[in-house]
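Two complexes come next, and they have one chain in common, subunit A, joined by subunit B in the first and subunit C in the second.
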Partner chain A sequence: MVEKIKAELGAALGGVEIRETEYRERGYHLSCEASPGELLKAARFFDECGFYLAAIVCVDYREYLELVYIFANHSALCKTKVTLKLDPAKPAAPTLSAIFDCAYWHEREIREFYGVLFDGHPNLTYLFLHEGIDAYPLRKEQVLLADEDKKALGAFRPEEGEDTFFVNLGPQHPSTHGVLRVVLKMDGEYIQSAEPVLGYLHRMHEKMAENRSYLQFLPNPSRMDYLGAMSFNLGHVTAVERLCGIAVPDRANCVRVIATELNRISSHLLWLGAYLADLGALTPFLFVFDDREQINDVLEAVTGSRLTYCYFRFGGLYNDVDEAFIAGTKAFIERMRGRFGLYEKLVGGNVIFINRTRGIGVIEKERARKYAVSGPVLRGAGIAMDMRKAEPCAAYSEMDFDIPVGTRGDALDMYRVRVREMGTALDIIEQALARLPDGPVMAEKVPKKLKPPKGDLYHTVETPRGELGIYIVSDESDRPYRMKWRVPSFSNLMIFPELARGNLLADAVAILGSLDLVIPEIDR
Partner chain B sequence: MEKIISIMGWETVKTIVGLVGVLIFVVFNALILTWAERKVAGHMQRRIGPKEVGPFGLIQPIADAIKLLGKEILTPREVDRPLYWLAPVLIFVPVLVSFVVIPFDASLQVRDMNAGILVILAFSSLSVLSILMAGWGSNNKYALIGAIRSVAQNIAYEIPLLLALLPVIMMANSFSLKAIVEAQQGLWFVVCQPIAFFIYFIAAVAETNRTPFDLPEAESELVAGYHTEYSGMRFALFFLAEYTNIFIVSAIAVTFFLGGYQGPFLPGIVWFLLKSYCLVFVIIWLRWTYPRVRFDQLLNLSWKALIPLAFINLLVTGGLLKL
Partner chain C sequence: MLDLARANSIWPMTFGLACCAIEMMSTAMSRFDLDRFGAGVFRATPRQADLMIVTGTVTRKMAPVLTRLYEQMPSPKWVIAMGNCAISGGPFVFEGQYNVIEGVDLLVPVDVYVPGCPPRPEGLLEGFLKLEEKITGKRRFPGPDSRW
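What follows is the complex of A and B.
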């Protein structure tokens, strides 16, 4: 696959040098540097080959700005990095939003954080930030905003039409689970357009990462996705370990898998309860909390926290697991297996629930690719893509599990995929428990001050919500030069306006719920 | 006392005393039902519900009522004041009037009118007016959408409600609720009219805006629907009206289908309340079990399923009675 893409991409671009890189070190197979015209050609080429645009990252190297485009594939592991150098005084690049829909928001983000102008982008207004910010926050040197830029960025104003009115779904609204605001343009009960407004929980984690060492940043990732905190923690430590070449003991790897999967179940359980509450049934919420409590108790005993875990350390774990943990996990597996039947009876077989979710928010495979959705949303659409299988970290490569997929891509499929995923997570935990080796849980000789070699890395982990991509640029110091978090909910929310259009308000709530969004993760 | 009776006439005094009694009952009923709802919900959700205030938390509703009474009466700036103020008061009128004709026992009824059921149906249609007033007067989009939904829902479900009651009226040959109860000596109408009872019960749940038909106040979509902007005692009045409505629809179901106050051994009033609260329990049970239907599904259910079914039922009943 890699060879074929290299040859064909070389032919499509003509004359551009395409380098093969060491995947284990870099997280991508091919890289090339393009000019604006070549970038568009490359994007069209990848679009035709059925690739998706995983992330766009901007890095400020002082002498120049670099845009990094990561293209990846759902069916085979083949990642390509395409870079584009920009003049820092007047950065401008062509937009890819006409080819890949997911570029639409990534480019808006880069516009407000770096000041890069994307030619032909339909709506370059504030996504996270708001008026009153004078400089581009992620630039290495202070670059002030010109007045016309401020005006252009703050241009979003909802306008009421003759027969339409606006409803603000959020920021304080029961169904947005956090502080997401969606400006809905309504015609009666029907939605004409939906415009998410982000940034109510924006904390600039990416800038924070540049100002503290890798170790000091350890507690931050779990604050992004507080429901799948273990996966974010895992993503951060495995990325840094990969960058520094630290080998982790087997026991630690196995425990990492168990802890992450327990956390995944707890995240999916909370989703189940919250989703049913969105649809008007309040009882399942308390049923799932009953189950979640068991997971929290088990994890609390070894990690010391119940929600924002910081359990994994570079080279291993903070704390070894004991017999009580293993017994508690086994008891939980036993209990949970018996609960699926109950949930199926209470929820999955309910006529009202089926009528509310079947055929609602249908995501076709092609649209899923264009928007680069991931996780259960992607699998619900029928694409069997799981980072635990595609790019296994920790001990996932030794686990045998299947990937549940949906057939229609509607909200009901998302429900079924998530419920079945809880079952596969139980399988994985059982296997990991069975093969849990004895030994140390911390690698020897992990330096106190981590100074990774110069270079970059795109590292991915499967969180409960999908593909978490971490792009790290290291300059040999103990703090990252740039750390970009490509978070799954960001792409998953991006598809929402298209799904909501023309639907009833009640359906919009059902669709928003089926995407399983965690807002602090989107806002970072 | 005798002087008052001689001046005003026995009937008037009886009505006034009855109304006061009804008022006390309404408040008492709402207190019991808020407690019951929380307790039932608690046990259905693997909790225990209120337990701190009084034995089994029985005093909890009174504590809540005192809290609500103590709250500042807020009026948002942009509201339509007359409508905003009147709506919570007006929602209470039909509720009180409906109680006047319900026979709690053979001799315990404020007034036995020969068009009793028509009074209840006519006045219960009025409650939708105050919901509309609340939604429109609040000057809030969520409230307005909630009110519009409520109007459409009430119109759609009043028809099957009436159509389900008609066969019983035909069988009892009277509009008087007391006569209908008396006609059920020996055999309850639910036995000969199971379809009508079924239709009536679904329509009644929809009329009272309860889950799975709680669209006017769907909290995940419309925050709180038509009473989003209300707080304190005004909110409590909406609350009171909702719980009283639940009791009224259950009481009508008992009167029409379940033999009213009739039953062996125990006094009539005990039987009546027992049967009514059993139905109330079922309505609460539904709320804590089902998700909410969507608006178009709700209307489809009424217009495409319940109304045709009720018509067929009515025709069959009429035909059989004629034979």
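What follows is the complex of A and C.
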């Protein structure tokens, strides 16, 4: 695959040097530097080959700005990095939003944080920042906002038409699971267009990452996605370990899998409860919290926290698991297996639930690719893609599990996929417990001050919500030069306006819930 | 008398902002059962609530919304700041930060502070007891030993 893409991309671009890179170190197979025209050509080429645009990252190297585009594929492991250099005084680039829909939002984000203008972008308004901001936050030197940008800041003013009106969903609304605001343009009961407004929980994680050492940043990822805190923690430590070349003992890897999967179950459980509460069924909420507390008990004993775990350290674990943990996990598996029948009776077989979710929010495969959605949403749409299988970290490569997929891609499928995923997570935990080796849980001689070699890395892990990509640029100092978090909910939310269009307001709430969004993760 | 009634039926407004909101939900749910203190009736509108529990980071973009909601609540009203973020900006305060309000007491008066990142549900329960104490002047249970 890599060879083939290299040859074909070379032919499509004509004369651009395409380098093969060491995948183990860099996280991508091919890289090339393009001019604006070539970038468009490359994007069209990847679009035709069925690739998706995983992320767009902007890095400020002071002498120039660099845009990094990561293209990846659902069926085979082949990642390509295309870079584009920009002039820092007047950064401008062509937009890819006509080719890949997901670029629309990524480009708006970059515009806000770096001031890059994208030619031909349909709507370059502000997405995250508040109106009082006066500089581009992620630029290395202070660059004040240009005048036209100041205007763009407050430019979002909904205009009412003759037969339409606006409904503000959020920012403080129970069914938005946090502080997402969606401005809905309504025609009677039907939605004409939906426009999410983000940034009500923008907590500057990426800026903080540049300001502190790798070690000091450890607690942050779990605050980004507090429901899948373990996965984010895992992503962060494995990325840095990969960058520094630290080998982790087997026992630690195994425990990492167990803890991450337990956390995945608790995240899916909370989604289940919250989703049904959105649909008007409050009882399951009480049931899922009962199960969640069991997981919390088990994890709290070894990690020391109930929610925002910071259990994994560079090179291993914070402390070893004991017999009580193993016994507790086994008891939980036993209990949880028995609960699925209950949930099936209460929810899965419930006619009201089925009728409310069947056939709404249908995501086709092609659309899923264009928007680069991931995780259960992608699998619900019928694409069997799981980063635990595609790019296994920790001990996932030794686990045997299958990937549940949906058939129709509607909200009901998302529910079924998530419930079955809880089952596979239990299987994985059982396997990991069975082969839990003895030995140390911490690699020897991990330096206190990590100074990874110069270079960049795009590392992905599967979180409960999908593909988390971490792009780190190291300049050999003890703090990352740039750390970009490509978060799953962000891409999953992008598809919402399309899904909501033409639907009833009540259905839009059901669709929004089926995407399983965690807002602090989107806003970062 | 009125105070006693108020203290035993605090109706909080759901104001979940971030991570701490999940712990607030845990407090209200099966195990910790906030209903024992008559405070489990979470209202989704400020007009029916007496108490705003600010659970999580308040950003500059969120601040006007928060004050507006507070002003919409009928008196008497109370505020609990739950978690380090709501108390002081928590882990997100650093030099040059541009988006976080360093403590919600800069926006609205706060009655009880519950520290933690996130606080345990027991912590929030203790916060409720403190608030009841503040309203009635009496404590419902003997408090934890405060020798240290």
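Convention: the second predicted complex is superposed on the first by the 523 of 524 C-alpha atoms of A that agree within 3 Å, B and C clash if a C-alpha of one lies under 4 Å from a C-alpha of the other, contacts with A are read in each partner's own complex, and residues count from 1 in each chain.
Basically, a contact is a pair of C-beta atoms (placed from the backbone, for glycine too) under 8 Å apart; a residue touches a chain by one contact, two chains touch by 3 or more.
Note that the coordinates shown come from a computational prediction; the quantities given were computed from them, not determined experimentally.
Contacts of A:23 after superposition: neither subunit B nor subunit C is touched. In the superposition on chain A, A:280 contacts subunit B only, with no contact to subunit C.
Of the two partner chains placed by superposition, A:318 touches none, neither subunit B nor subunit C.
When the two complexes are overlaid on their common chain A, residue A:509 makes contact with subunit B while staying clear of subunit C. By the touch criterion defined above, A:520 lies against subunit C but remains apart from subunit B after alignment on the C-alpha atoms of chain A.
Legend: residue contacts after superposition of the two complexes on their common chain; A:137 is shown touching subunit C, with no touch to subunit B. When the two structures are aligned on the shared chain, A:190 is found in touch with neither subunit B nor subunit C.
In the superposition on chain A, A:352 makes contact with subunit B only, not with subunit C.
Contacts of A:61 after superposition: neither subunit B nor subunit C is touched. Between subunit B and subunit C, C touches the greater number of residues of subunit A. Contacts of subunit A with subunit B, set against its contacts with subunit C after fitting on chain A, overlap at residues 173-174, 285-287, 290. Residue ranges of subunit B in contact with subunit A, taken from their complex: 41, 44-47, 141-142, 145, 149, 211-212, 214-215, 218-221, 223, 288-297. Within the complex formed with subunit C, the subunit A residues making contact are 129-130, 132-133, 137, 171-174, 178-179, 199-204, 207-208, 211-212, 219-220, 223, 226-227, 270, 285-287, 289-290, 292-293, 296, 306-308, 520.
Across the complex, subunit C meets subunit A through its residues 14-19, 21-23, 25-26, 29-31, 44, 56-57, 59-62, 65, 69, 91-92, 94-100, 117-118, 120.
For subunit A in complex with subunit B, the touching residues are 165-167, 173-175, 189, 276-283, 285-287, 290, 350, 352-353, 355-356, 504-507, 509.
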